[in-house]
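Each structure below appears as structure tokens.
After this come two complexes, each holding chain A, first together with chain B and then together with chain C.
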Partner chain A sequence: MAYSSIVYLLPFLGAVLLLYNGMPKKYRWCVLLLASYVFYWLNSPSTLVFLLLATAAVYFAGIFLNKIQDGFELSKKALDKEGKKKLRGVVGWQKKAVCACTFLFVFGLLAFLKYYPFFSENINHFLGLFTEKHMLPQLKLIQPLGISYYTLQAAGYIIDVYRGKYRADKHIGKVALFLSFFPQIVEGPIARFDQTAGQLMEGNRTTYKNLTWGAQLILWGLFKKMVVADRANPFVAEVFGNYTENSGAVLLMGGILFTVQIYMEFSGCMDIVIGSAQLFGVDLPKNFARPFFADSVNDFWRRWHITLGAWLRDYVFYSVSLSKGFGKLSKKAKEKLSPFLGALIPSAAALFCVWFCNGIWHGAGWKYLAYGMYYYLIMLLGMLLEPLFAKTAACVHLNRDSGGFHVVRVLRTCVLVVGGMTLFRAESVGAFGEIMLRIFTDFAPGSIVDGTLLHLGIDGWDFIAIAGGCIVVLIVSMIQEKGYSLRETVAGQNIVLRWAVYFALIFAVVIFGAYGPGYDQVAFIYGQF
Partner chain B sequence: MENQKKTTLQNVTKCIVFILLLAMLLMGVSYLMAPKDNTKESGITNPNANGFYSEPKNSIDVVMIGNSDAYSGFSPMELWNACGYTSYVSAEGLQVPAGSLAMLKRILDYQKPKLVILETDGMFTKTDASQNIVNAFNAVLGEPFSVFRYHNRWKKLKWKDLLRKPFYTAHCVTKGQMLSNKVKGYTGEEYMVETDKRAKIPGSSIIAVKQIQKLCAENNMELLLLEMPSESSWSYKRHNAVKDFAKEHHLPFVDLNLDRDRFDFDWTTDSRDGGNHLNSAGARKVTRFIGEYLKEHYDLPDHRDDPNFDVWHEDFKAYTEQVKFTEDD
Partner chain C sequence: MEELLTILENLKPGVDFAAQTDLIEDHILDSMSVVMLVGELNDEFDIEITPVDVVPENFKTVDAIYAMIQRLSDD
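Showing the complex of A and B:
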């Protein structure tokens, strides 16, 4: 049941909305929890057990952390300073042990179900160099729906409780709903417990504003997904599927269109997800902030899949860079090398961990690791060369804050992102290498205008629809980037104008959407991670 | 409190008006986007199945609806040649009963058949939930929003197509049958092995077939359930299930997978794809048998000597030519 399917949008969402509002306020969270498990069961019945296990593990671990902390608070009153310090040390180790066991379980499930086939294949391949007997059995494992998302939410919850950001919740229903809330279980956003759990339990009635604004956001998401992303899909599949037969120019077009497709699809899905949650009065954290206006790769990742970036920053980057070991390393580097390198080395090491995790989170494969390392190297080079850039700019009297230079930086970022997305979409690292080689050695620009593009899964009208959809999204994004809320502006107009806008959007989806005879429903790309 | 009630009422009214307006606009756009002809070039889906639009109004006495088994195994021109009955097969690949119902509703806008034959294989086709909802909606309302089917015609739409009245020009001499002279026989074991087990008919199919039965009753049409020979999709369990259904709903059911010697059927020569669909030779044998059955059980008019139907003689000649020149694969 994809978020863009009729089953989800009409009977499922409609029934949940009716049941939710028909229930007394204090039981409405039960409707959401039940709906979430039904949604999960309908999509992936055999893997619901893993979600339940992760929920139970995280809930009891949180309660255990509370108990350890409470015991410490009670005991410390009777102790002197030295005794408190000693007890704090013991309690610290106990809490770390609880966290370690929980992580071992939830990340263990993730690692086994998602990464075992990759590791076993590679280990067997390596061992095959020495022996003909395979050491690890090849298992066909089903990847639980949304495991990469709910595992991060679960781990974030435990770390926050461990760090004392908040106490673990005693209400198992609250923890269960936080981990399983149906709009976000498949593709995120990856929320924090203190962001959504409270709202989910409030059980506020659906207001007219929530209903209309939620529906508008869902419609906007459908526009991006069905008019642009799904229409571009046959072209992208054809170009990347037969990359050895296409010229560099066509492959470059494939990379650009895939970048457009994945943005429209993922951000469109997030609009549907956030709009769905809004129907129940729940504000989910945003996952996109017009990433193609970013003027650096760092800025891009602050605007693209925001909740994943924030999770990795808070729980990986800070955990590594602020650890005692890295503190000592930084100090030594500052003393023995230079203040610049003293600051750079721990950051670079922590950043490596972040991008390693980012890459491997996206999938079990070398290309995903390479994808993480691609961005790591770009950022590392940026950090290393920043002093040189600054000096050069000063020498040539280049104003790095000027509008013109900003445009150049934005374009440069877009080029780097298209490169990254091409690697992401290529079937392997080797295929990416071949694609890049063709772009640089066999570009054949004539293939862009000689009609070749019109024989690669889509026709000229499809290109026009994609371009039209992109222009609409670009205009809306430009207005938003200036700080205006288009929805507020439209909502402030008279009913004729307002409804004209809504009907225009509805009919754009109905007429120009890629669905029905001749189109297979395209699964959300990020739903596969 | 009073104000709140008033606001709620206003909001509910706005929602209802919005939905009604949307429905009206969708119907309007559906009219604009719908093909105004039944040729392949017009963009109509399954032009062969929709060829009944080009037949003179109320000239068809028998229609067959169903999936690919129907358009492969039933030959309206052979039925004409053998019995003089005018028939059309409005079958589509993977047509489920809800789709058959929608098709029958469209047929009834142009034709008044005396007999409807429903090929039952489609009753067991599993469709995803989204498609079930669309099918159920179309089955009940007769596809008022055909824009969802024909929306992609925006690419080829011409201004003159938008408002002109439908004018159907495609003349299908096979009357919906798909011809194939390819022979790829089935040589495996007998698949109709008697059993007491029953296959499960999906609920959506049961609802749709009941609707078809109701529609037939309302329009004084007889309904016959029929199953074409098909080794790969049919079984005795399915036979039992449809037999029970037919008995329960007082419908005749003919299963051509049983006693195939009645019509000299030979799986080694009469299939085009190893036992799934029939070829033209198989369709000829099956249709002649159906003709005999219809003669025996229904009072259908023989139009062969009726000058109003002379065009059918011409069509039969064209059909035999087509059979001759249809490639073997």
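Showing the complex of A and C:
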């Protein structure tokens, strides 16, 4: 049941909304929890057990952490300063042990179910060089729906409790609903417990504003997904599927259109997800902030898949870079090498961990690891060369804050992002190499205008619909980037104008959306992670 | 406060830190510069800033950073 399917949007969402509002306020969270488990069961019945296991593990681990902390607070009253310090050390180790066991379990499930086939294949390949015995068995494992998302939410919850950001919740229903809330279970956004759990339990009635604003956002998401992303999909599949037969220019077009497709699809899905949650008065964290206006790769990742970036920043980047080990190393490097390198070492090491995790989070395969390393190298080079860039700019009297230079930076970022997306979509790292080779050695620009593009899965009308959809999204994004809220503006208009906008969107989806004969329903790309 | 301003100015030359109202939202301090700043603050003020302390509220303004330093020095 995809979020863009009629089954989800009408019977499922409609029934949940009716049941939710028909129930007394204090039981409404039960409707959401039941709906979430029904949604999960309908989509992936055999893997529901893993979600339940992860929920139970973090719930009991959280309660245990509370107990350890409470015991410490009680015992420390009777101790002197030295005794408190000693006890704090013991308690610290106990809490670390609870976290380690919980991570071993939840990340162990993720590692085994998602990465075992990749590891066993590669280890067997390596062992095969020496012997044919002791091979790891090849297992056909089902990857549980949304495991990459709910595992991060679960781990974030435990880390926050460990760090003392908040106490673990005693209400198992609250923890269960936080981890399983149906709009976000498949593709995120990856929320924090203190962001959404309270709202989910409030059980506020659906207001007119929530209903209309939620529906607007769902409609906007459908527009992006069905008019642009799903129309671009056959072209992208054809170009990347037969990359050895296409010219460099066509492959470049494929890379650009895939970038457009994945943005429209993922951000469109987030609009549907956030809109669905809004119907129940729940504000989910945003996952996109007009990423193609970014003027650096770092800025791009602050605007693209925001909640994953924030998770990795808070729980991986700061944990590594601010660790005592790197603190000491940095101090030594400052004294013996240079202050610049001393300051750089913890960031560079932590950044490596972040991009390693980001890469493998996206999938079990070398190309995903290469994808992470691609961004790591760009960011590392940016950090290393920044003093040189600043000196060069000063020498040639280049104003790095000028509008013209900003445009150049935005375009440079877009080129780097298309490169990364091409690697992401390519069959393998080898295929990406071949695609790049063709772009640089067999570009054949004529293939863009000689009609070749019209024989690659989509026709001229599809291109017009994609271009039209992109222009609409670009205009809306430009307005938002200027700081205006288009939704507030539309909501402030009279009923005729307001509904004219809504109907225009509905008709655009119905008329220009990719569905019916000739179009397969396209699964959300990020739902497969 | 003087030492803090000197550290910040060495980290990001040309920024009028005292006049800034949101160093995080305005992207003056990103995660890289926060890590570099934390290293400097730990050395200069003999404190231990941990990941728990690295939240936007503690790095939003010079005053917020100074308040965090004082709080950690007292602990």
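By our rule, the second predicted complex is superposed on the first by the 528 of 529 C-alpha atoms of A that agree within 3 Å, B and C clash if a C-alpha of one lies under 4 Å from a C-alpha of the other, contacts with A are read in each partner's own complex, and residues count from 1 in each chain.
In the analysis below, contacts are C-beta pairs under 8 Å (C-beta built on N, C-alpha and C of every residue); 3 or more make two chains touch, one makes a residue touch a chain.
Since we're looking at a predicted model, the values are computed, not measured.
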item: Partner chain(s) touched by A:Lys331 [first = chain B, second = chain C, both, neither]; value: second
item: Touched partner set for A:Met383, first chain B, second chain C, both or neither; value: second
item: Which of chain B and chain C A:Val7 touches, first, second, both or neither; value: first
item: Partner chain(s) touched by A:Asp459 [first = chain B, second = chain C, both, neither]; value: first
item: Which superposed partner A:Ser148 touches (first chain B, second chain C, both, neither); value: neither
item: Partner chain in contact with A:Phe507 - chain B first, chain C second, else both or neither; value: first
item: Touched partner set for A:Asn233, first chain B, second chain C, both or neither; value: neither
item: List of chain B residues in touch with chain A within their complex; value: 7-8, 11, 14-15, 18, 21-22, 25-26, 29, 33, 45, 128-130, 133-134, 147-149, 151-152, 154-155
item: Residue ranges of chain C in contact with chain A within the complex; value: 27, 30-32, 35-36, 38-40, 42-43, 49-52, 54
item: Interfacial residue positions of chain A with respect to chain B in the complex; value: 1, 5-7, 10-11, 208, 211, 459, 461, 495, 499, 502-503, 506-507, 510-513, 515-518, 521
item: Residues of chain A that touch chain C when the two form their complex; value: 163-165, 298-299, 302, 313-314, 317-319, 321-322, 327, 330-331, 342-344, 346-347, 350-351, 383
